[in-house]
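You will see subunit A twice below: alongside subunit B first, and alongside subunit C after that.
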Partner chain A sequence: MEKILTKKSFPEWAEKLKAYKIYAPILDDGTWSYEVINKAGDIDLDFPNTVQAPKKIINPQREVFLEFGRSDEDTPEIKEVLPEEKPVVIFGVRPCDAKALTLTDMVFDGDSKDVYYLKRRNQTVIIGLSCNTPPSPNCFCTSVDGSPHSEEGFDILLTDLGDRYFVRSLTKKGDTLIDLGKALFTAPKANDKKELTKIHTDAEKKLKREIKDVAKIPPKLKEMFESPLWDDESMSCLRCGICTYLCPTCHCFDISDEVTSVSPFKGYRIRTWDNCQFPDFTMHSSGHNPRPDKASRLRQRIMHKYQYFVERYDHYQCTGCGRCVSKCPVGIDIIEVLNKVRDYG
Partner chain B sequence: MDDTNVYIPKLAKIINIKEEVGGARPIKTFRTQFLTETKFAHDCGQCAMLSVFGKGECMISISSSPLVQDYLQFSILKTGRVTTALHDTQEGDIIGIRGPYGNGFPVDAWKGKNLIFIGGGIGLAPIWSVLQTALGRKKDYGNLMLIYGARTSKDIVFKEELEELRKEMTVHLSVDVEEEGWKEFVGFVPQNVTDKKPSQKNAIAITCGPPIMIKFVIQALGDLGFKDEQIYTTVENKMKCGIGICGRCNIGMHYVCKDGPVYSWAELKELPQEY
Partner chain C sequence: MVKLEDLRQEAAGILKSGKVKYIIGYTRGTNGFRPIPAFIKDPDDVENLIWNPACVHNLTKFIVDEKKRLKKEKNPDKRPIGIIVKGCDSRAINVLLQEKYINREDVYLLGVSCEKTGVLDEKKLNKKLKGRRALQVDFKDNGSWLVTTDSGQEKIQAEELLADRCIECKANFPVVYDIVFGDKSLRKTDRPFQSVENMENLSQKERWEFWKEQLDKCIRCYACRSACPMCYCDECVVDTISFAVEPDTPAEEKAQKIKWIEKSPNLSENIIYHLTRAMHLAGRCIDCGECERVCPLDIPIRFLNKKMEKEAKTLFDYEVGFDPGKPSLVSSFKDEDPEDFIR
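== the complex of A and B ==
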């Protein structure tokens, strides 16, 4: 379904989505992030991209799996804790971040089903905003099968045409949302479509960064497990883990117990994001560590994204958002590393 | 409770605890029974995620044979937070169990073969289930042999069972360093393998122990003419989910919890050497 919605009518449409919990980008203390919106008028889609990807809404940094406790002396009781059942709309998701959700879907909705992730995912409607200009100088989505106007992972994709949005609904969930504000939408005219195509084509040309011949990289990586390149490239790593925390596709997690009361005994089993750049991510209790140094951990991050995931799922586990490049405190740049890998030896 | 939620453990009672090894690196063997009827059919070599509520979870090999229906058995070295909590439990205490996880040994494909079990320290636990299964179906297999070693005689697990085992199959034990009264081999397990020269003819070798031991056992077996396809091992890595999604136990594209933990050396040598 294709429609036009004027920016003036936009808050009115959002107002009609009251049954949903609405997330949208909010600027707070100089940082854009997806937060719950209470007033439709607060939605501001004039933003670059958020610091944290919207994955935090589907796969929160900390979530409760179950409650445990013991009321009598012997038998513990456990109670499954599932996510709140409430339909969610996320406004203003960038194409790289929506595509990232389609990648984490492959992981959490594979042979084994992760009910926590899937419950959140299935009750969430994703409304995207295509990038008329790259939100970051380190955007490289076109290198990894993406584009500034990719529709992958979206229910609705908006494109900013100045005073109005070109609205493309891609799923039934999207159609339902448009139907809620039906009267506000008009049919697109020929010039709207022409403008849309021009904006989309121009946007692709504005990207500044690129991994050339990316298809050569997975087979090349396979030969480079023992390469000294990993030592050189990881030398400056501080093990802060920001690259993976901010990555929209990184999904590795820890499961641990939190005791909230000793008597009566009770607590939570929780899932928290974990990080392959931390030494204890893989350290055995014996002290043996299969990935004992920064080089092996950087190699894991790169190889997971550009070799192992490709072998398992036939996709790069990277959508070119550029966050890991922009936010790395020591300037480790995955684009540069991969360009070196391709040309190595 | 939703049966499809893979993260929810089933409650089980510890019905028996046996102290195998004391001292600074204690090992205990636990037998558990589910509180309610639970579908839990494991294969030899599979693992289970054990919970001590308030301490967390850890992945442990199931050391009882699938032929045993009455209980699940786990032999556990006290080493981290959860294994320490398990060592602090008493008979009658309730823990959580989820699983079984992993691929298991291809025991049916080994019918008619001679089986050589090679273990070091607590590494006997993962192969104990397949050893017991082979014993239980003795006529399905050829000759059975165990080569097992530990740091000292005090560190040997399943001491009584090993004595019983001598009536059924060849058992070669070793300790790492000389000690008074020790009549069997002195030296590391791979050296004992070289010393005992098991024949590779129609044989499968199954080995588990510390990574360094496995490495040299494989070398020793290779020197004796074993082909890579005749050598099986189980890999241990830190695990959290057990279903191939939490992302830490991988060796290359393989998740040990799901695609392993059992590999033939022919398979394992093709993976990045990172375990």
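== the complex of A and C ==
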């Protein structure tokens, strides 16, 4: 379904989505972040990319699996906890971040189904905003089979045409949302479509960063497990978790039990994000660590995204959002590392 | 002015003579104006060394790294590492010396003076540029910087862009070095604890509200800990498995390891993490501001450490990182201490 919605009518449409919990990017203390919006009029879709990807809504950093406790000495109690049942709308998702969700789907909706992830995923409607100009100087989506106006992973994609949005609904969930504000939408005219095509074509040319011949990288990586390149490239790594926690596709987790009260005994089994860049990620209880240094951990990050995932799912596990490049405290640049890998030897 | 040519010449010299194993300095990065740490082994590569107000990183963290690496090597090359240190970084060297984490002969210090300015606060720069993108930031004449953007060049008073820690800095000239570049023109700091004092003026309730909001944002990426040269413990309270565990550590001992902090990134656990870190840095933090700079969520972590610095100064007249021969704050006491329990 294709429609036109004026920017003036936009808040009115958003107001009609009261049955949903609405997330949108907001500027909080200098940082753009997806947060719950109480007043639809607050939604501002003129934003660069957010610091954290919207994955934090679908795959939150902390997910409670179950509650456990003991009311008396002998009676253990265990209660399953599922995500709150509430339809969610996320406004202003960038194409790289939406595509990232489709990649995470391959993992959590594959041979084994992750009920927590799927519950959140299925009750969420994703409204995208195509990037007329790259929201980050380190955007490189076109190098990894993406585009600034890719429709992958969206229910609705908005394109900013100045005073109005070109609205393309891509799923039934999207159609339902548009129907809620039916009278506000008009049919696109020929010049709207012409303008849309122009904006989309221009946007692709504005990207400043690129991985050339990316297809050569996965086979090359396969031969580079023992390469000294990893030592050189990881020299400045601080072993923090910024690159992976901010990554829209990273999804590794840990499960632990947290006791919140000893008497009465009570606690939670939780899943939290984990991070292959932390030294204890692969630490065995024996004291042996198969990834003992930062070289092996940087290699893991690159290999997972550009070799193992490609081998298993036939996609790069990277959507070119550029967050790891922009936010690395020491400027480790995945684009540069991959260019070196391609040209190595 | 620091003459880059002199710095490069010295670097080439000590590499050629084999005096140092390698040099840690700054070089051009790929992300706009931001320099990145450089590890230079070949004298021909010294041309890549740069020095400008965006050289913010405290490189002494990499000395800690090197130390850990050496411990694992069978036949370690024990030659010193050449390292470029600003005033604040040189104070970190002094703390590492004081705590006997390194020996003076482990490092060859190439000091650089910040010459009445300091380093750049990227957030202030972005605010100032209003959307334009900085490509290069250079020292200009006394007190001002030259900012090159995608739409031209402009001279900006350094004060407008200086990191807060530089405004409050007590050592913009290195306090320990083997060779130093630039003039010893110290900038006067009238109120070294201004930011903390501003915070102290708030009511307890206001401060609680402020920190609740700030620490709730933490995603526990531990970048603050990772960037800190004083966070060199082999075993950190936030790690799930103790790094003191060796293959032959008995099971009973492993079972006794206490879980100090839960993995949940909620307010309660985040507070424990940040306050533990602040306490561990009391009398040790030299205010290089790296913890705050690297935070992806812009949590003003520096305040916590600055507050401890102020306590050390007011209660014990103790200043960090100026004298490596002095006993450290937390491992010393005075007979005339008014507290009874200490005697």
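Simple rule for what comes next: the second predicted complex is superposed on the first by the 344 of 345 C-alpha atoms of A that agree within 3 Å, B and C clash if a C-alpha of one lies under 4 Å from a C-alpha of the other, contacts with A are read in each partner's own complex, and residues count from 1 in each chain.
Rule of thumb we're sticking to: contacts are C-beta pairs under 8 Å (C-beta built on N, C-alpha and C of every residue); 3 or more make two chains touch, one makes a residue touch a chain.
These numbers were taken from a predicted model, which means no experiment stands behind them.
J.: Touch check for A:R62: first (subunit B), second (subunit C), both, or neither?
T.: A:R62 sits against subunit C, while subunit B stays out of touch.
J.: Report for A:E336: first if it touches subunit B alone, second if subunit C alone, otherwise both or neither.
T.: Touch status of A:E336: second partner only.
J.: Is A:N138 in contact with subunit B, with subunit C, with both, or with neither (first, second, both, neither)?
T.: second
J.: When the two structures are overlaid on chain A, which partner does A:E80 contact: first (subunit B), second (subunit C), both, or neither?
T.: After superposing on A, A:E80 lies in contact with subunit B but is clear of subunit C.
J.: On the A-aligned overlay, A:P290 touches which partner chain: subunit B = first, subunit C = second, or both, or neither?
T.: First partner only.
J.: Give one of first, second, both or neither to describe whether A:P279 is in contact with subunit B, with subunit C, with both, or with none.
T.: So A:P279 only meets subunit C here.
J.: Just subunit B (first), just subunit C (second), both, or neither: which does A:S236 touch?
T.: A:S236 contacts subunit C only, not subunit B.
J.: So in the superposed three-chain picture, is A:S256 touching just subunit B, just subunit C, both, or none of them (first/second/both/neither)?
T.: A:S256: touches subunit B and subunit C.
J.: Find the residues of subunit A that appear in the contact set with subunit B and again in the contact set with subunit C.
T.: 254, 256, 283, 285-286, 288
J.: Could you list, by residue number, the parts of subunit B that touch subunit A in their complex?
T.: For subunit B paired with subunit A, touching residues are 1-2, 4-9, 11, 35, 51, 53-57, 79-80, 83, 92-94, 96, 210-211, 236-238, 240-241, 243-253, 258, 272-275.
J.: Mind pulling up the subunit A residues that touch subunit C in the complex?
T.: Against subunit C, subunit A makes touches at 29-31, 51-52, 61-62, 137-138, 235-236, 238-242, 245-246, 254, 256, 258, 270, 272-273, 275, 278-280, 283, 285-288, 325-333, 335-336.
J.: Quick one: in the complex, what on subunit C touches subunit A?
T.: 29-32, 34-37, 39, 57, 61-62, 123, 133, 217, 219-223, 225-227, 239-241, 243, 245-249, 254, 262-266, 290, 293-294, 296-298
J.: Can you name the residues of subunit A that touch subunit B in the complex?
T.: Interface residues on subunit A, with respect to subunit B: 65-66, 68, 70, 74-76, 78, 80, 82, 107-108, 110-116, 225, 251-257, 259, 265, 267, 269, 274, 276, 281-286, 288, 290-291, 296, 300, 303-304, 307-309, 311-312.
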